[in-house]
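Labels A, B, C and D are assigned to the chains in the order they are written; within every chain, residues are numbered from 1.
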Amino acid sequence: MDIGITGLGRMGANMARRWLRGGHRVVVHNRSRGPVDELATAGAVPAYTLDELVAALKPPRAVWVMLPAGEVTERAIVALANLMAPGDTIVDAGNTMYKDDLRRAEELKARGIYYVDQGTSGGIWGLELGYCLMVGGDADVVARLEPAFRTLAPQDGYLHCGPVGSGHFVKMVHNGVEYGMMQAYAEGFEIMRSKTEFNLDLHKIAAVWNHGSVVRSWLLELAEDAFRQDPHLESIQGYVEDSGEGRWTIQTAIELDVPAPVITLSLFERFHSRKPESFAAKVLAALRKGFGGHPVKPA
Amino acid sequence: MDIGITGLGRMGANMARRWLRGGHRVVVHNRSRGPVDELATAGAVPAYTLDELVAALKPPRAVWVMLPAGEVTERAIVALANLMAPGDTIVDAGNTMYKDDLRRAEELKARGIYYVDQGTSGGIWGLELGYCLMVGGDADVVARLEPAFRTLAPQDGYLHCGPVGSGHFVKMVHNGVEYGMMQAYAEGFEIMRSKTEFNLDLHKIAAVWNHGSVVRSWLLELAEDAFRQDPHLESIQGYVEDSGEGRWTIQTAIELDVPAPVITLSLFERFHSRKPESFAAKVLAALRKGFGGHPVKPA
Amino acid sequence: MDIGITGLGRMGANMARRWLRGGHRVVVHNRSRGPVDELATAGAVPAYTLDELVAALKPPRAVWVMLPAGEVTERAIVALANLMAPGDTIVDAGNTMYKDDLRRAEELKARGIYYVDQGTSGGIWGLELGYCLMVGGDADVVARLEPAFRTLAPQDGYLHCGPVGSGHFVKMVHNGVEYGMMQAYAEGFEIMRSKTEFNLDLHKIAAVWNHGSVVRSWLLELAEDAFRQDPHLESIQGYVEDSGEGRWTIQTAIELDVPAPVITLSLFERFHSRKPESFAAKVLAALRKGFGGHPVKPA
Amino acid sequence: MDIGITGLGRMGANMARRWLRGGHRVVVHNRSRGPVDELATAGAVPAYTLDELVAALKPPRAVWVMLPAGEVTERAIVALANLMAPGDTIVDAGNTMYKDDLRRAEELKARGIYYVDQGTSGGIWGLELGYCLMVGGDADVVARLEPAFRTLAPQDGYLHCGPVGSGHFVKMVHNGVEYGMMQAYAEGFEIMRSKTEFNLDLHKIAAVWNHGSVVRSWLLELAEDAFRQDPHLESIQGYVEDSGEGRWTIQTAIELDVPAPVITLSLFERFHSRKPESFAAKVLAALRKGFGGHPVKPA
């Protein structure tokens, strides 16, 4: 089918490539020219402005937006909507908060433009293995885009989760679960490493766990790779970013009265990793000195 | 090789079957006769007492103990040791606390008997897929038992983790990680189910996540199966046991000064699942009434 | 001074009484007539509509709004602002989210009306002991209202925390801390009660802890009272509401990258208290059955 | 009454002083001579060896042991027991694990020596304000020692909690609660400090909260003092020790199937305060790089 895309970062460029391999006609746009030209050599139709992007597609158009969530995505969608015609569709494939989807879909509907949210998992491996797609939107709109989704997804397909917002909602929860799983492994490896008298080989443990244990998973295969390359992770700082979906998952859990201790603590552990010192800990030290005369370490 | 085993519960019986399929001579013992007779028909040598078990093996013997951790295992090992000779080996394949391994190995060493601890993961699927084995013990003793370990394990093998105790230690941490992963998924599914306006199909979500997402895993395949059979888990009470290794993992983390919030909270959530009401919550309700006049619900 | 107040629930009525005792002229309004009439007999000027309330006050007026946070407060403030004149002041004494303060103050400023946020702690005891007041707003506006604040507060006064929003912000964090402290006590009492072989008397323990221990506090005095009245809290259900500030504290902590595990877990424990059964726990039970064949309890 | 004490650290010396002020005859012993001589000048009977300590007391003797829990206390009690006679009593006033009390009482009973466990709270303030005492032991033995307990305690007394072990048990839980309360305050202060646009004065906030708020407490008075002396706690490192009772409280909660998330997370936050970097965080960083190509910070 005819596919437009704006945002050719790592994820967007790989999606475009996968579409090209799938035989689609792909019109590609990016803020800077480099990635556009690169994909043009791979067979894509280059568009150096949003006007060119929209003009190069036959109505009813479908344009994927694969940009950082928030302001950047918002501006791109507004600009696109101003150029598109009733019957066209915008697919937000980034990590947008689902409540923004609901608002946007409402706004675009008034102008006759359809909106679909696509949660996209698979990271840098999606190009080869296919992306796990969680899609939200009206059934007939999603159906019309199905050839594009089928090509992005692995053989067994993608999921139309439900109405607008549900795709990003499911992707958000996916990332919350991801935080919790990662932290579970991380705690386990730290406990094993701290039992120095056993001198355990974490790479071999990750490897054997991937053969028949209850905790085998793709993340554990990545851990196996990481320990193979750097058995004590000496080259890496224990500094961990978070990209927002974990925070939204917790906020959502709280709105829904669902206890989510594991996902929440996983986020807090990331906060710790980024703080050289905690003010809370200073308060504790001051209080211990106050009631028990326990010595404090001078700063 | 010549293998003895006492304890023919689900796990023990399956291990014996896998050894038999692997061409070993297996002498089997159990407290009750039924499982012994059943395995005898599958080719095992039956032993109706521990004396018979030991007598039916050629020295140096190797006897696997696959019994509930604690008193039952302790008694069996003491009884076996009294019947065995210097150079023989006892393998504890259950879920023993690693500190008990250290003590026992010391006691048996004085009598010339070797001790090996085998952490065994894979559950009811181990018979077909092979067991993930984490083994602790002296290198030469473990090497002598290797044919038995190789047969139990999947194709890519088992792991000799380190000295006595290290096998059960790694298995203990494995179970702690398992708790955390399970709780991460459980929170995610509860959040999605609570977002009723999206009317999400948890079975399809588990399925699509197993195709290319970051959180794909064997546990998620089991979740996919569970939701296929009972989409809203209506037939199941939310009552969750724990078998001890999670507790020990937390205790160990605390001894090693390792923060393990995710594993710990996973255990506490299981405690909650087994309590119809919490006394702590009563205290909270009483305090809220005390300072703010907030009404309490009468019992 | 001349004081207006709308909202004569438990907190509002007691504030009005304390002002009357302090010699202020207090004009009182409430949606229903009963509380207005009751306070009129105690010396207040009755106002049966907001028009009457505003008309009965000399400019520059100051009207306290003591209503449930959210829609109700919002509507009252909009209605008041439509009746008031430049130079007048609205004081929101409820539990408003501080971001709503910032927005409202901006909107009112355009009309020349001042806005002050007053966080109010002390519960039903404030009438006798004085309210702990945390006030946010422009310094000169707050200064003008000082006589009213001084009368509400205990002898040692109230705190002007900073600009608009800061009063409710500090009150919000106060409530988060309150959740954590309450949960700490609650866990301690549940642990002691569960150690049945010691047959501990929780009332006596609360009492002795209030004499010289590190954990003595006003909340513990309330616990002492509660256990005196009902030693095993048999008359109370372990069902615990939350009023919103705890949620906002956690949301704020997350926005500020501050780990707040204790406050967050305190909220999640309240969620648990209100759920007869957790879907997450059902997922866990289903998974345990899946990998280990562990029996589930039928629903 | 006639009182012996060994262990004249800060707590022990202050207890001896309080007894002397109360008119008791106090025989004092310490490993080093200095504290013994110092208390002798205050009226105590000096004893430079345990033999002298026991010899200087009239049977039936009562000797308080106020030493670091664990080996040191164990050795002192064994040594004392070897010198004492049937009918004498040993009071362990330190922070002993209650299970050690149970064991020791059993051992001493066989020799006719009584054992009492005294949990002691109040820190460095106990000398002036009295110590909060939680006492475990046989009722008649405790009754005989009552004059000593009454003098140590504040006016309203001490608590005989129950049988041997119960005093230290209640003190252990007290410390667990203390951890949770401290962490609740610490989180609140860190959140407020991180809201830099409000430029909040934490000292004034602690002060106003101590006047009429729900969270007022003795710990908060200590926080008020600490912020008065060092408003931003600039002189203090956020490094927080823990003394053992918190760990035991968690272990006990787990043994009793009681969820104790707040107490447990409070301990884990202390672990974090003492770690410049977490291995778990390195694992997380490595995994994020693995699936998403997210950059890691080089070590």
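Just a few scattered comments:
One rule holds in what follows: contacts are C-beta pairs under 8 Å (C-beta built on N, C-alpha and C of every residue); 3 or more make two chains touch, one makes a residue touch a chain.
Predicted, not measured: the structure shown is a model, and the values here were computed from it.
For the pair chain A and chain B, the CA-based superposition corresponds to a rotation of 180 degrees in steps of 5.
Of the chain pairs A-B, A-D or B-D, the one whose interface repeats that of B-C, sharing more than half of its contact pairs by residue number, is A-D. Here the CA centre of chain C is 34 Å from the CA centre of chain D.
Inter-chain centre distance (chain A to chain C, centres taken as mean C-alpha positions): 38 Å.
Residue positions 123, 125, 183, 185, 187, 190, 194, 214, 218-219, 257-261, 265, 268-269, 272, 278, 280, 291-292 of chain D are each in touch with at least two other chains. Contact residues on chain B toward chain D in their complex (touch as defined above): 214, 247, 250-251, 254, 257-261, 264-265, 267-269, 271-272, 274-275, 278, 280, 291-292.
Residues 121-123, 125-126, 129-134, 136, 153-159, 161-163, 165-166, 169-170, 173-174, 176-181, 183-185, 187-188, 190-192, 194-195, 198-201, 204-205, 207-209, 211-220, 249, 252-253, 256-263, 265-266, 268-269 of chain A are the ones that touch chain B when the two sit in their complex. Every residue of chain D that touches chain A in the complex is listed here, in rising order: 10, 123-125, 182-183, 185-187, 189-190, 193-194, 218-219, 222-223, 225-226, 230, 233-241, 261, 265, 269-270, 272-273, 276-294, 296-299.
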